[in-house]
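Here the chain labels run A, B, C and D in written order, and each chain numbers its own residues starting at 1.
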Amino acid sequence: MLKIGIIGAGRIGRVHGESITKYVKEAQIKAIADPFLNEDQKKWAKEKGIPCVYTDYKKILEDSEIDAVLICSSTDTHSKISIEAIKAHKHVFCEKPIDHDLSKIKEVIETLKENPGVKYQVGFNRRYDHNFRAVKQAVIDGKVGKPQILKITSRDPEPPSIDYVKVSGGIFLDMTIHDFDMVRYLMDSEVVEVYAAGNVLVDDAIGEAGDIDTAIITLKLESGAMAVIDNSRKSVYGYDQRAEVFGSKGQVAISNDSDSSAVISTKDGVTGEKPMFFFLQRYMQAYAEEIREFVDAIVNDKDTPVNAYDGLKPVLIGLAAKKSLKENRPVKISEIKY
Amino acid sequence: MLKIGIIGAGRIGRVHGESITKYVKEAQIKAIADPFLNEDQKKWAKEKGIPCVYTDYKKILEDSEIDAVLICSSTDTHSKISIEAIKAHKHVFCEKPIDHDLSKIKEVIETLKENPGVKYQVGFNRRYDHNFRAVKQAVIDGKVGKPQILKITSRDPEPPSIDYVKVSGGIFLDMTIHDFDMVRYLMDSEVVEVYAAGNVLVDDAIGEAGDIDTAIITLKLESGAMAVIDNSRKSVYGYDQRAEVFGSKGQVAISNDSDSSAVISTKDGVTGEKPMFFFLQRYMQAYAEEIREFVDAIVNDKDTPVNAYDGLKPVLIGLAAKKSLKENRPVKISEIKY
Amino acid sequence: MLKIGIIGAGRIGRVHGESITKYVKEAQIKAIADPFLNEDQKKWAKEKGIPCVYTDYKKILEDSEIDAVLICSSTDTHSKISIEAIKAHKHVFCEKPIDHDLSKIKEVIETLKENPGVKYQVGFNRRYDHNFRAVKQAVIDGKVGKPQILKITSRDPEPPSIDYVKVSGGIFLDMTIHDFDMVRYLMDSEVVEVYAAGNVLVDDAIGEAGDIDTAIITLKLESGAMAVIDNSRKSVYGYDQRAEVFGSKGQVAISNDSDSSAVISTKDGVTGEKPMFFFLQRYMQAYAEEIREFVDAIVNDKDTPVNAYDGLKPVLIGLAAKKSLKENRPVKISEIKY
Amino acid sequence: MLKIGIIGAGRIGRVHGESITKYVKEAQIKAIADPFLNEDQKKWAKEKGIPCVYTDYKKILEDSEIDAVLICSSTDTHSKISIEAIKAHKHVFCEKPIDHDLSKIKEVIETLKENPGVKYQVGFNRRYDHNFRAVKQAVIDGKVGKPQILKITSRDPEPPSIDYVKVSGGIFLDMTIHDFDMVRYLMDSEVVEVYAAGNVLVDDAIGEAGDIDTAIITLKLESGAMAVIDNSRKSVYGYDQRAEVFGSKGQVAISNDSDSSAVISTKDGVTGEKPMFFFLQRYMQAYAEEIREFVDAIVNDKDTPVNAYDGLKPVLIGLAAKKSLKENRPVKISEIKY
């Protein structure tokens, strides 16, 4: 039985906690740590039968019984805790992104090289979603032939708080980073150049915080194929998560998930349900699946499906997109110094 | 160039007139007759370049230049004019139903036997619709294997006037008759027994006129397969025309046509367009196609695709359905004396 | 913490066991009993942390710590064990149907009257499905106005074994019984008359076992509305579970659930995924929800959402359907002696 | 009765000829001219009842009875004949594009200024399509709020001949020009900057002819909104013509038209029909509608719905896209000297 420690008892930390309890029978949670632990979180830990509850995550790293940690703390601590955990010989599942600072990601990768037995996985949950997986499978199966165009629509139902925007690293590193990962995942080819167009169309306060809320990003891939992503921070009809891959033999496309298939026809039209609104609801099964695969990689000594290199690449693309937006020109990934 | 006379200048007569003018290059309309011809109808005839406009349809039957007639007059005159036209050696396209009275349909069929060169076609337009044809084609192509269940939903957007209801022959002979034809067409098997359940749920006045407005009809076919039709006289969201054939290898289903494929997503839901509301709009191309095939049958001396026998059968089924509803029991078609 | 005993360690017993473990935090399984307990089942019980494993269910009834039992044994034992459990003051969740024999259902109901504190729930899982619930909600919310027509399509992916068919009570009591429950649930009106048409179109062996495999059932309701169900024992494209309610203000319809929304367009067509094939997969969440509601009814002393009376009614309708099929005539529910 | 002359008896010339004959009752075709008139074309003209058939289009311009001309000749003659026709006081419907050379478009516009009574319309047929019109209407009605993102997918079923590619002006002026028009039409805002990414992924011969066959074009609009177009010269599943406008209150999206709504479910999946393959079939009604509106503008002295300025703008955008592709940088429309 694999013993797990969760670092960070916020929303995503508890989501993973629930997943392990419900779906991952080879693992159990031994400890959870959060510097700002409140009563609700303590109560939750008790209900889940988690024996150790700490404010200091170092207690988890010091516990020799614990095999693996989930780093679900704030983004600015991801790389630091990753490095400490790797050095403590804990397998690491780290929420995305590893860091906004490439030198710190480099340090994580170096530390992993020095500790070859440690498994490291980055939390790009969308890879485990039933819809995106079906796209990937169709591509692998040759259903669309040679991929030529990838289109991703990724729109949040509501913008985050302005306080969050300020520390988010900008839309490309916070939100589009998932889409950049999807480009690599679905097309199985590296991005070589990015052009990002963006604007502030949702909320002026986002602009004042130095960010944009609406973007169209074009990516050229090594294979010669191209990809385009469109993002918005506010989609009033819900979390809009679609993708299509077009190729020499056809196309595969996915649409949104809804709460039910009910369609109501009246004199006013034929109305179906909106896409699910909340990302945790939409990707609930994907969150469970990624943890299951992390545990499986450890238990069966496999490669993790999303490694540190997969964590690095979307950050590089995101930094190139930022540069592209600022300088209003296509930017090669090779221009980003790593 | 085939010369055609139209008997009846009402809505459907002019629909066929438009179709011939636009789509049927082997035919031209020489005459139109209607006892109650108004100024609009005269003006319409002039615009279409129809040389002869009569109040008495007999003038059409007497015109030796005219090859074929379309009988678009009121239902109670269909069989009488059919017989006269056949005797005058005109090919006949007759709107459905030939008659509510089986003895009169019998007389039409007898007259046709005495005039073997005359082509006779009944106006079951739905056979020419792109959707229903696609169902038929899938069945013929063996896509669904051996057909086992046919489901037809057929709902009018609005009930006819009570005056019309009174002379309509009842819902089964007026409205369901199209569905009975579809059962025979799509399943390629004759109906042997009918059970009809019905009620007055839309408008009490329909009940007072001795009819029903909502029905579910189950049909057993010679092949062993079964069919079920559901009807309503009032579907607020439009003309609902669907069918599905289920069989040993799968199912083929058709849905409604709309004015556009536009789908609007807002905070209130994901809304597409309603089905087309009006039967003439919905079946416009089918009306053109049936006339084209009638002309083709004459010009190229083929069998008409919907002959007098095909006109008789749905009336038999309709009469069995009426009897079933009245006696609340399944009724064999063979019980209906012909 | 509610303590539960599961009687019957077959497929459905273990499904409920999984649900309780994962989703129902107010309950825990104390015991499981099955006369034919195999090694896999024992192993499963161990993994789930079930302390007591018996071959004799009476040990569960005798355990004063156990508050509630789930009766998941073979159908012919449902009523007997129900009565014993009620007398032992255990709350009972009983799989459908309570019995094929009305006198035994009557005895269960009598025993419940004598033990008013005991909660009794019947396993009509479909009431908890997200799609069927959405239909119900739309009806409650008045979106379709006054319901006039209900259509249910319910087709199994594969017929059961002939051995099972022989003891199943026939298609109406085994399979359609769920649809009869849906008629009552969705239309909120009692069935007064049934007409069943059926045939053997899938497998002659089913006919030789005295049953049919394809059916169309028309139901008249107290409200004046009508319902129609079509069933097949073999739908090659998967488990086909659809419903639509049509009324004075519109229609609500649900379609099938699939593994993903992926649609592949090639030169051969535009192809989406099949409906889920297996009922346990399709209704997994519904199975969890029904147990959650059962536990909730006990813990918070509410009425169970599907009581013994709700268990009785579909059996009455099923027996009327059997009689209708045999005598080929509509049969009133009041003709079935209870 | 408006008298029309058609210049060019190729495919599109005859499409317009059919439309006028069938749908435009206020107009008749008096003459058709084509330097390479073949027997089929002569036969067609006879069938349509066109009295005058010429090889020299000047005979049409000299005929004082003719009110309007349709310029359906090869692209390199559009501006020259336009100017001659305007000077001859004929109303002009000119197929797109007016010219690839801006100075010639300028000359057409100058000539129009000198002949203010002459109506001039450019053949952007897509504006009259039921689906694109529904998008426009939803935007006008405020259904999507303030438009923020427009996505257009426009993919041809098959590339044109290499001979045609060589004289086509390149994909942006030949194919994307329709999409550029759609951007202006749907968003009601002018394009200020274009970034075009493109590649040769379909056929190397297209690259050798100096063109690309796959493109993603990002456009910034005056309003602050953005648009993205993706093009391919070869979509094996048919003519793929979709658009969606996303805004502050929601989204409107259109999908492709098919021959029927038939969906076949088998063990292999749930398969619907492909999009219509051929542009003339897909936009048949739109071609008729644009001619009807042209005639209406003349007969009722209205502005034409797509004037010379609307013909100029997409060419400017197309030239900017060409420059962007060549220089791999975003190009402002104002950089294109007009």
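Convention: a contact is a pair of C-beta atoms (placed from the backbone, for glycine too) under 8 Å apart; a residue touches a chain by one contact, two chains touch by 3 or more.
Quick caveat: nothing in here was measured; it's all calculated off a predicted structure.
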Duplicate of the A-B contact set - from C-D, B-D or A-C, the pair where over half of the pairs recur: C-D
Comparison of C-D and A-D by number of C-beta pairs in contact, larger one: A-D
From chain D, the most remote chain by mean C-alpha position: C
Interchain centroid distance [CA atoms averaged], chain B/chain D, Å: 40
Distance from chain D to chain A - Cα centre to Cα centre, in angstrom: 42
Between chain D and chain C, distance of the C-alpha-averaged centres to the nearest whole Å: 58
Chain D, residues touching no fewer than two other chains: 236-237, 249-251, 265-267, 273
In the complex, chain D residues that touch chain B: 22-23, 25, 47, 130-131, 133-135, 138, 143-144, 249-257, 259-267, 273
Residues of chain A touching chain B in the complex: 236-238, 258, 265-275
Complex interface listing, chain D residues touching chain A: 145-146, 148-149, 151, 153, 155, 195, 197, 199, 201-202, 214, 216, 218, 220, 224-226, 228, 230, 232, 234-237, 240, 246, 248-251, 328-330
